[in-house]
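Taking it in order: structure first as structure tokens, then the write-up.
By letter and in written order, the chains are A, B, C and D; residue numbering begins at 1 in each of them.
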Amino acid sequence: MDNKGFFGNWGGAYIPEILHQTFQELHVEYQRAKNDPAFWQEYLHLMRTYSCRPTPLTYAENLSNHFGGARIFIKREDLNHTGAHKANNVMGQGLLVKRMGKKRVIAETGAGQHGMATATMAAKFGFDCTIYMGEVDVRRQRPNVFWMEKMGATVVPVKDGSRTLKDAINEAFRDWVTNIDSTHYVFGTACGPAPFPEMVTWFQSIISEETKEQIKELHGKLPARIYACVGGGSNAMGSFYHYLDTDTELVGVEAGGHGIDSGMHASRLCGTDASPGVAQGYKTMFLQNEDGQMLETHSVAAGLDYVGVSPILSDLWEKKQVRFEAATDKEVMAALDLTMKLEGIIPALESSHAFVQAFKEAPTIAKDEAIIINMSGRGDKDIFTIAHAYDDPSWKEFIISRAAEYSSKS
Amino acid sequence: MDNKGFFGNWGGAYIPEILHQTFQELHVEYQRAKNDPAFWQEYLHLMRTYSCRPTPLTYAENLSNHFGGARIFIKREDLNHTGAHKANNVMGQGLLVKRMGKKRVIAETGAGQHGMATATMAAKFGFDCTIYMGEVDVRRQRPNVFWMEKMGATVVPVKDGSRTLKDAINEAFRDWVTNIDSTHYVFGTACGPAPFPEMVTWFQSIISEETKEQIKELHGKLPARIYACVGGGSNAMGSFYHYLDTDTELVGVEAGGHGIDSGMHASRLCGTDASPGVAQGYKTMFLQNEDGQMLETHSVAAGLDYVGVSPILSDLWEKKQVRFEAATDKEVMAALDLTMKLEGIIPALESSHAFVQAFKEAPTIAKDEAIIINMSGRGDKDIFTIAHAYDDPSWKEFIISRAAEYSSKS
Amino acid sequence: MQLEQILRQRKEKKDILLMTHIVLGYPSFEANREIVRQMVENGVDCIEMQIPFSEPMADGPVILKANQDSLANGTTVAQCIAFGAEMAATYDIPFLFMTYYNILFKHGEDRFFTEAKEANIKGLIIPDLPPEMGENFFRLAKENEIAPILIFAPTSTQERMATLDSMGQGFIYCVARRGVTGKKSSFGDDFNEYLARCRNATRMPIAVGFGIQDKEDIEALKGRADMAVIGSQTIRLVDEQGPEAVGPFIQGLR
Amino acid sequence: MQLEQILRQRKEKKDILLMTHIVLGYPSFEANREIVRQMVENGVDCIEMQIPFSEPMADGPVILKANQDSLANGTTVAQCIAFGAEMAATYDIPFLFMTYYNILFKHGEDRFFTEAKEANIKGLIIPDLPPEMGENFFRLAKENEIAPILIFAPTSTQERMATLDSMGQGFIYCVARRGVTGKKSSFGDDFNEYLARCRNATRMPIAVGFGIQDKEDIEALKGRADMAVIGSQTIRLVDEQGPEAVGPFIQGLR
């Protein structure tokens, strides 16, 4: 990051003037934390005693044999508290908020994972908490909303625009400009105005800090490739970070939705539908029309269904340091299925995108090489989406009979 | 355990003759494993790389302050793979099954947790897998059934008796006597015929092996008390085991249901409704009538809703080495609520029973003492039960609208 | 006279003996009475009367359901013992109780044996009580002269059979196959070999049970076993055609 | 003539100037035309025309909805610029474009400035483009003599105000409070102190916006600000009573 928050041509901080001062303070606090070795130690202690870090690196023997190529290792962010890598970022920001002396946090959420993590952190740190969530997402992710509320957060359904993630981000910014003095906006991914992309990456880099040791222990050398799904880009940046200066090839997998040529996807760095733009406070590749209006995106995975992408990834893409691929909804369901059956592990729909690409490439990689799939989260909390996507008849019956019970009683 | 499988007056192996040989083999294999230090190392490696062990011991600062007494620590079995302590036992038995050269596993399940864990283990080890589950439980735990099936297990709804856990156990025994040669019955708790109570306890003792180190690191000395919920007794035995010869007071918390005097509960060692009996292969305190017929039990937590209890716990109860208490459904919901709000942690309904008793006692314990609550599992997979128990209106609306979608399409 | 002796005497006049099974209180004690009458009148040699238990782990679906329905009707252990006494007083064949160990344990083993003896019950079959677990039980059985009937299984080793033989009385119950009651067994080479092993391991009469359903099955056992056990099949019959179908069925078996 | 000069001239004859706001294409360009006509005829001194953007992060619900509806109607940037040109050619007051940076960026900044200049647009308000991010933008603004209007916020330090003052042209837009457009502000002591700070920090005219809704608000600003900005209030009015209500409303403001 240069001193204006750019990574090559990307990033920056395109923020309303009212936030200028707040961002100054955030920059200062972040730099102070970065330069204070005790801060990272405090962070590690928190993650170790509250959130099960280091998360395991699992050798997927059955999948490896099945594909007959590279040794497949899975980084298990599903076992992180709240079920995804999101907690890494959120807990880190929680420590910063404590240092800044603020008493209230807000966050946007799409899949609900980041909202869950933020509500959790707020409960743990004793902060007030408001979560903005597109109305569409509130509807598809009701269980997450339920838990956020139970942890004491206020969940506000956002009824503007496409009523999904990007609109929740806009709404969170609106709250922030109104309540800057008391409030910190816990940005959920490596996007947004500087210093968020770098800061979120820093917290998420705990993933690659761990895998680098783990893979050496389990495999004796660094992996040939690492695969991560790319929504905003935080789990990808986190799992790539400490390999950027190594020979390991880094592969980001975007949401191919109904296909990269269908217009129904969320692929920004793979494919040709995106173009450079500035929105939500930063410059990156956006899915937008000729006039710069953002397009609707599509993915079976709510957490990948986003118009922008980390400016750091745009930079690495431009510099060809990270390769980008896309996985379609259909491929994702198949990879999920195989992983459950062969390894007894349930990746989130988001994470399953990374599995798709790894499965495509594993057979072509030598048997003495390792690849790591970053399993960003667990899928069991997505039961409503996954059972629905599988069109499971007993699930439907179950829901219908539950509903009948509720209707007759109310 | 004496050589007939008794702990004091309790335990034994009351099994049909057809199983005699199988139990002999199991005894031999178990002893061999116990005496082979490499086995435990293999087990630890598996748990460390596949299941996030050691799970954290979390200092619950907010709860501690709230109650103003003992320092409350929470052992986080919720972060174990599949979301509960059940995996400890199942993975261990999986390793044994591999050694015995069997290719098929069966299990009973009540809450679905043990079934999930077994289906997971079977996928990981490449075993065929059949799960027996009372029809009532299949209905209340459909999400678990969905995942078990996705992991390749066959889930058989049991339509006999009370159609809950004990009937699933009977049915699993029926399968076993039919398929002894190929099949191992992965018993889910520290009950059943010897060597199950001891063997399950052995695998679960990994919990107290870990906490003993962790509490010394975080608190400098052993805890004053440890609280664990008691269904069959496996998480309790696991979290007590390495403290049995220490000054730490051990407290088991049973399901008080609608109240210990209501007849609607599952308290066997606390209260006066249970009496010694022999069923499901072992002798213990059962909730039964004058004629020895088992009674219906009640608990908001499916995993505690069982007529029997570990014979090892009956022995420790008789010898007053473990104190038993009960928590009512209502108290459980309140403790769950408080824990979510203050710590950002969602205990399973089962585990919440342990929290209830710890909360009652914490204020009376000196501030320089620690207590450990064994959080046996996570509650977020119980969304259907918990949202229902809270009578949450948005949840009902959500289910009704989902159902409407399914009804209109089918 | 004790059970083994009674059976030996009866066997003198027949190719093979027949033991049948009922679940007490199912469908009702009234029906039990009628069924027993038809059984005895049609030449059954021994009847095992199952005292229902809520957790019949070794029984298959037919008997399991009968246990449950009987309990749902309110059947008690006391009623069962009384009924057993009534039958033993009425008919001149040996009656046994079959049940699970908890029924005795909870009733009090002493008391159970005393009452069973008073009822003139000749033997007990307790499928979940292996000899290792039954020290008191076997002592009481001996004292009360009630035969503790033990089971050979296809998985039993020679050594195990020897142990069982040394502890059991009355006869040895050879289960024909792996599994629970109520499913058809096939009597192939494996079975013959198993039965030979059983015969070698004991000098008591041997009964064969589990899945014996018709005349053909019984024919196959003649000369190799002393007694054939008809279990679930009569319950099915009563369910479908009522108690009066039992007589003709039994008659048709030899 | 450049924006600052125009405003100073107009200010000579008035206690306070009035700037109003419209969202282009909302409810329609037709309606925009009528609204602008009524505004100008009733003495508005400057109009900011918002080119709609799909992500208007600094706008409150009223303007947000107007942006979305306009885009849903199919409003394009080209239409907006053409409309701006038409207005500037028709009326003798300065017209500004207000929009978010991506509209310029995607259109091409060069091209946007060229077209805006051709349209005789006097200034640009881009709330998400702080001076640090706009090197090219400020260069082009200077070259094309279009005023880049910058914003003072209640959170701005003296130092920050100095920076903004040095980069901005035309006037300084002082937002009256924290938050987004469309909510009522209160003009208490804090506000007066803030306005004094603003006045001290710049020699340009100062406009006050965010939440100005009626004559009373405007009275309160007289003598302290050079221009009052009416934003969401006219949109609400048009929504409720149609474009013809705008004239009387404006007239009633002073």
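To be clear about the criterion, contacts are C-beta pairs under 8 Å (C-beta built on N, C-alpha and C of every residue); 3 or more make two chains touch, one makes a residue touch a chain.
Owing to the predicted nature of the structure, the values given are computational and were not obtained by experimental measurement.
Engineer: When subunit A is left out of the picture, which chains can still reach each other by chains of touches?
Structural biologist: Take away subunit A: B, C | D.
Engineer: If you walk from chain to touching chain, how few steps can bring you from subunit C to subunit D?
Structural biologist: Tracing touching chains, the least step count from subunit C to subunit D comes to 3.
Engineer: For subunit A versus subunit B, what separation do you get between their C-alpha means, in angstrom?
Structural biologist: 33
Engineer: Can you check how far apart subunit A and subunit D are, centre to centre, with Cα atoms defining each centre and the answer in Å?
Structural biologist: 37
Engineer: Between subunit A and subunit C, what is the gap in Å from one C-alpha centre to the other?
Structural biologist: That pair's centroid distance is 65 Å.
Engineer: Among all the chains shown, which pairs meet the touch rule set out at the top?
Structural biologist: A-B, A-D, B-C
Engineer: For subunit B, which residues count as touching subunit A in their complex?
Structural biologist: Contacts found on subunit B: 48-52, 55-59, 62, 76, 79-81, 83, 119-124, 126, 139, 142-143, 145-147, 150-152, 218, 337, 340-346, 380-381, 383-384, 387, 390, 392, 394-396, 398-404, 406-407, 410.
Engineer: Quick one: which bits of subunit D touch subunit A in the complex? Just the residue numbers, please.
Structural biologist: Within the complex, subunit D touches subunit A at residues 53-58, 60-61, 64-65, 68, 71, 76-77, 100-103, 105-107, 127-130, 132-133, 150-157, 160, 164, 175, 178-180.
Engineer: So in the complex, the part of subunit B that touches subunit C is made up of which residues?
Structural biologist: 4, 12-22, 160-161, 166, 169-170, 173-174, 177-181, 275-281, 283, 286, 288, 290-294
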